[in-house]
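The same chain A turns up in both complexes below, where it pairs with chain B and then with chain C.
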Partner chain A sequence: MSVSSNLNFYIDPSRCIGCQACVQACSECETHKGHSMIHLEFIDRPHTTQTVPVVCMHCDSPTCAEVCPADAIKRSPDGVVQSARKPRCIACSNCVLACPFGVPKMMSDFELMMKCDMCYDRSSVGLKPMCASVCPSQALFFGTREELELSRPQSAPIDRFKFGNQTITTKVKMMAPRRAVPEHLDVTAAMEVHAPARTVRLEVLNGAG
Partner chain B sequence: MPNQSLRVLTPDGRPPEEQPRWRQDFPIDTADDNYVARRDFTKFMVLISASFVAGQGWIALKTLTARKNGNGEGSARAIAKVGELAVGQTAVFTYPGEHDTCLLVRSAENEFLAYGNKCSHLSCAVIPDVKAGKLNCPCHHGVFDLATGRPLAGPPRRPLSRVLLEVRDGTVYATGVEERTV
Partner chain C sequence: MTTPPNLLPVLDRFGPHLARSSPARLATDKEPDRLVKTHCCFCGQQCGIQLKVKDNVVTGFEPWYEFPFNRGMLCPKGVKRYLQGAHPDRLTTALRRDEGAAEGFSAIGYTDAIERVASEIGRIQKQYGNAAVGVLSGASLTTEKAYLMGKFARVCLKTPYIDYNGRLCMVSAGAGNKKAFGIDRAANPWSDIPKAELVWISGANVAECAPITTEYVWQARENGARIIVVDPRITPLARTCDLFLPIKPGRDIALFNGILHLMIEKGWLDHAFIQSHTVGFDKLAEHVRDWAPAKTAEVTGIPERHIRQAAEWWGTATSSMLLHARGIEHHSHGVQNVLGAINIVLASGRIGRQGCGYGTITGQANGQGGREHGQKCDQLPGWRDISNPEHRAFIAKVWDVPEPEIPGPGVDCYEIFRKIDKGEIKGLISLCFNPKVSLPDNNFIARALDKLEFYVAIDFFLNETARHADIVLPGSLQEEDEGTVTQIEGRVIKINKCVDPPGEAKQDWRIVQDIAAALGRPKGFTFAEPREVFNELRTASKGGVADYSGITYEKIEQQFGVCWPCYSESSDGKPMDHSGTPRLFEPGSWNPVAKGAGPFYFPDGKARFNVAPYTPPAEDTDDEYPLILTTGRVVSQFLSGTQTRRIGPLVDQYPEPRIEMHPKLAAQYGIADGDWVTAESRRGDCTLRAMVVTTIRPDTIFIPYHWPGRKSANQLTISAQDPISKIPEYKVCAVRIRKAESPPEWAGVLEPQQG
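Entry: the complex of A and B
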């Protein structure tokens, strides 16, 4: 059993409405039942209600596995980086600190790192992961590229992310506007950039004052 | 269906041949992690076999020294008065050490039998059934012959150790333990 190579996971943060359905659905997944592994993050909470769902991006060169001193994190042949193996994990939290996307969760109660494994029990038999099956705005989409292109002509997927000097190619793809698809997304540089809308609003206020 | 396009990637981007040795020992992909080299397997087999041989040697040595030191005749110890046990009655005693529990059975007017009560299968305590002439082990339904201590049924293959007895002046003495293998 493995995830079919023509099925892919696509995230479109601009579609996220912050409804928490994915968070609830995630905890129903059989591979980590009762524990939600998805992160639903607010981008800039004082200024916007925009949220972004973060699932494991299943990197080509998984940093979590690179830094694991116990050799506990393994990637299956279909490119899915699996949760830490219980007999090996020593709960050192190295992966939690190392993951550029902040995906792994340290479950101190079990002394075990747990992370999103793309609902391997479901996706490996052709079903959608729990979060993608419930997302009402399809910010989390699991399916073929053809389906995606048909339903979203305005956007195109990217799978390269830059963190400082490290460029990561991921199995999970993120949607970007089709008219300006970047070669990669420079995440660390983007953290320094302030939202242009905020600057405009401040100028308007200053002018009014 | 494995993803054919999956490449072996490393953070520095250099090819696998230029990677340090430890990267081969701690691969990230499941298939590489499960792979066992023929040489490693042979090493493992040789080491395990060697440890088995050493273990056998250790057991042989232990048996030899035990036979020299304590098997057969030991110090005599009074364990019961003849009058204490009616025919068909049993008593528990320890001999020769305080953790070596044994069973004393008065099987006839002038016949006493004594066995170590640890079943030769997995050392459960055997329970005497004097009327049936048997010793039963409750753990896995092993049955021993009361007259000889030899196994009759169930998993045990070896007889119980026999405690040598001597009756002098109305007292039963244990004088030694006979460890038997057949």
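Entry: the complex of A and C
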């Protein structure tokens, strides 16, 4: 059993509506039932409704595994970085501190690091992970590259990320829009004819429409 | 009737308590006994879902990828809906009011309870007349149950006074659609949304109230569509739209009139369509001449430039979908708002084709089917009119009763409470309705409930209104019964039974039939299963606008649902196998009203333009109450919260109501995020924590309405109603705010879900 190389996981933050269906569905996954491994981040709720779902990016060279003193974190040949193995994990939290995406969770009740394993019980038999199954906006999308390219012409997948001097490539891809998008939105900006600088950049307000 | 029991003991005994995954449900080594293909119990989208059943308990879900509407997608409510089953608060016996019990109720045998109900209803009807008993029902019921409730009121109780909680939901859309199209249903399948090059969304928080619809809108965007969102708040869907129009609540009709004014001025009209398929354009054109952009801007609070931009995009598009929901409908001029929206659709000629159309986003599970088959106060099955002699004669024949015995039109549900208050209605039966939380100015509702001589509530949990009851009968959850509902696209789908009701709880239709039998009036209420009710409903709807006669349970399963109208006979009276009508108003289409004269449901086959004059909200702001209160939903809660306030993970997501306000407004009052703030209207006040965000107009505050008691937004709202649809004005009333001197009394005493 392994995840088919045809199937990929894509995150598109521009689609996310913050509904947390992913968070709720994650805790229904059989491999970690009762515990949600996904992070749903409100970027800056005082100023925007923007949210981003964060699943494990399944790095090609996983930092979490590299810093693990107990060698508890394994990447399977299909590229999925598995949750810590219980017999090995010493609950030192090195992985939690080191992961550039902030993914692993230290479950102190069980003295065990747990994280998204792409619903390995599902994805390894050809089913979609729980989060990507239910996601109402399909900000979390699990499918083939062909399906993605056919249905999402407005954005492109990215799998290289820079953190300081570290460059990471990942199995999970992040969709980036092919055109610029707003930074902040404030209702009052849209109520005025000319938006104050740095508050709103709706295209129509700047004459592009 | 007596006042409700003391709050703390009743909460202790009946909840809401929070259900979480129990060990049995968390066990990963146990295979479920079966997976049942059915639908979510909450909103009008009716997403397909497979429920896992083990030992007569729903233990979880598995996505149903094949169901075409949602393809496995679910919102958080759908994901956790299984936790409402096997719940500690579940009513498993009948209850009678017991002054001696701290929690106010004690258990009573089911048969005794039914006899008590029949004897009290019989007494009241004998003493005061048949019309002294009222019935409240709901749009989350299956169509079979909704049909039965209408028949029960008219045939068994012989009272005109039945109405339903869709009065709070879909009636403005329904009335507007009836006036303009002659039929009341979303005109297009949702698959038309991604095919449109412009999607206009007015007054619909799609991402939170109809989350699955988001994917359709995003797919339109991927295909190059522009998205226009009209809302006083930057909702999650509005965040990345192409044009956001931050309308002042209550001014939607002004915007639509202003858009039409510009369409006429610039010549952005489909003259051929207007000429051949509509009537009334000239009169409307005359009316909107006044709505020049400057005036529109002044009234709506939207800059003129953006109104012009919206008009240009709308006017010049070659394909489009316009969607709206309660945001434009919950007004004392809700019908006019809907007509305004339809006017700009008709003027564009973009309806009845692929990628071109219009739809109102249904709220409740059966918001569509529940408004078609006779639980509305003025309606008979098949979307027939209770005042129309031909319609009455047809239904009297189906019901096998003399036509004069069917009562005439009743009154809307709020008027039912006014009649209770005036002492005209003395007895009440409620099912699937929690008016003490959901109706506006709900302190009045609580006072009216206490004036009843007898009140029987049917529910699976003791909802806040049922606390006033003399007898409570234990009803059924959605997964304990079967039947049909009609979802957002007009698609009739099938709810399948997963488990049996626990203890003495019974399917609602059995309870209603038991009451009829105990009253000694069983005729017409001896159905053995929902399928029999459905078959009678098919006959009763035949020839009506909402014709279900060609639909069978089997056809629903084979086709993943059947969109009505679905005929059993062709236009020349020969039997036919009809697959249903996914898209209305297609060129050359036949319907039983126009009989081939045109695609719309009037004798001439033409749609109607309606002059829709602007009037301000019933209660506008003034010096004393300078702010607008608008209300709505959050994604993890549903309606009055009877179900969702009992599901732990959903309560965790948004535990308690907050007052959303703009930082500019907050600064005026020295309010910081998280401070306790008192909002006050002429009817009541409410102290909640502030949520300070730039995503709402500074002249408006927003409170979600899912909570009861002192946390209820409906303590403040106004009972003003639309004169045509009778929908209450939940979306606008005048309030003032102040920083609270101290936390409310309930802080630290009540759990977040309680009130």
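Everything that follows uses one rule, which is that the second predicted complex is superposed on the first by the 177 of 209 C-alpha atoms of A that agree within 3 Å, B and C clash if a C-alpha of one lies under 4 Å from a C-alpha of the other, contacts with A are read in each partner's own complex, and residues count from 1 in each chain.
Operating definition for what follows: contacts are C-beta pairs under 8 Å (C-beta built on N, C-alpha and C of every residue); 3 or more make two chains touch, one makes a residue touch a chain.
Note that this is a predicted model, so its numbers are computed, not measured.
Peer 1: Contacts for A:Pro100 in the overlay, against chain B (first) and chain C (second): which applies, first, second, both or neither?
Peer 2: neither
Peer 1: Which partner reaches more residues of chain A, chain B or chain C?
Peer 2: Greater contact footprint in residues on chain A: C.
Peer 1: After lining up the shared chain so the two structures overlap, which partner does A:Gly34 touch, if you call chain B first and chain C second: first, second, both or neither?
Peer 2: In the superposition, A:Gly34 touches chain C alone.
Peer 1: Give one of first, second, both or neither to describe whether A:Pro62 is in contact with chain B, with chain C, with both, or with none.
Peer 2: Touch partner of A:Pro62: chain B, not chain C.
Peer 1: For A:Ser2, select first, second, both or neither according to whether it touches chain B, chain C, the two together, or no partner.
Peer 2: In the superposition, A:Ser2 touches chain B alone.
Peer 1: Touching chain C in the complex: which residues of chain A?
Peer 2: Its residues touching chain C are 14-21, 23-25, 27-28, 30-31, 33-34, 45-51, 128, 130, 133-138, 151-154, 181-182, 184-188, 190-193, 202-205, 209.
Peer 1: Going by the contact rule at the top, pick out the chain B residues touching chain A in the complex.
Peer 2: Per the touch definition, chain B meets chain A at residues 1-7, 9-11, 26, 28-31, 33.
Peer 1: Enumerate the contact residues on chain C facing chain A in the complex.
Peer 2: 21, 26, 28, 60-61, 63, 65, 72-76, 78-80, 207-208, 211-212, 214-215, 218-219, 221-224, 232-240, 242-246, 301-306, 309, 313, 635-636, 649-650, 653, 662-664, 673, 692-698
Peer 1: Quick one: in the complex, what on chain A touches chain B?
Peer 2: 2, 4-5, 60-63, 65-66, 71, 73-79, 82, 166, 169
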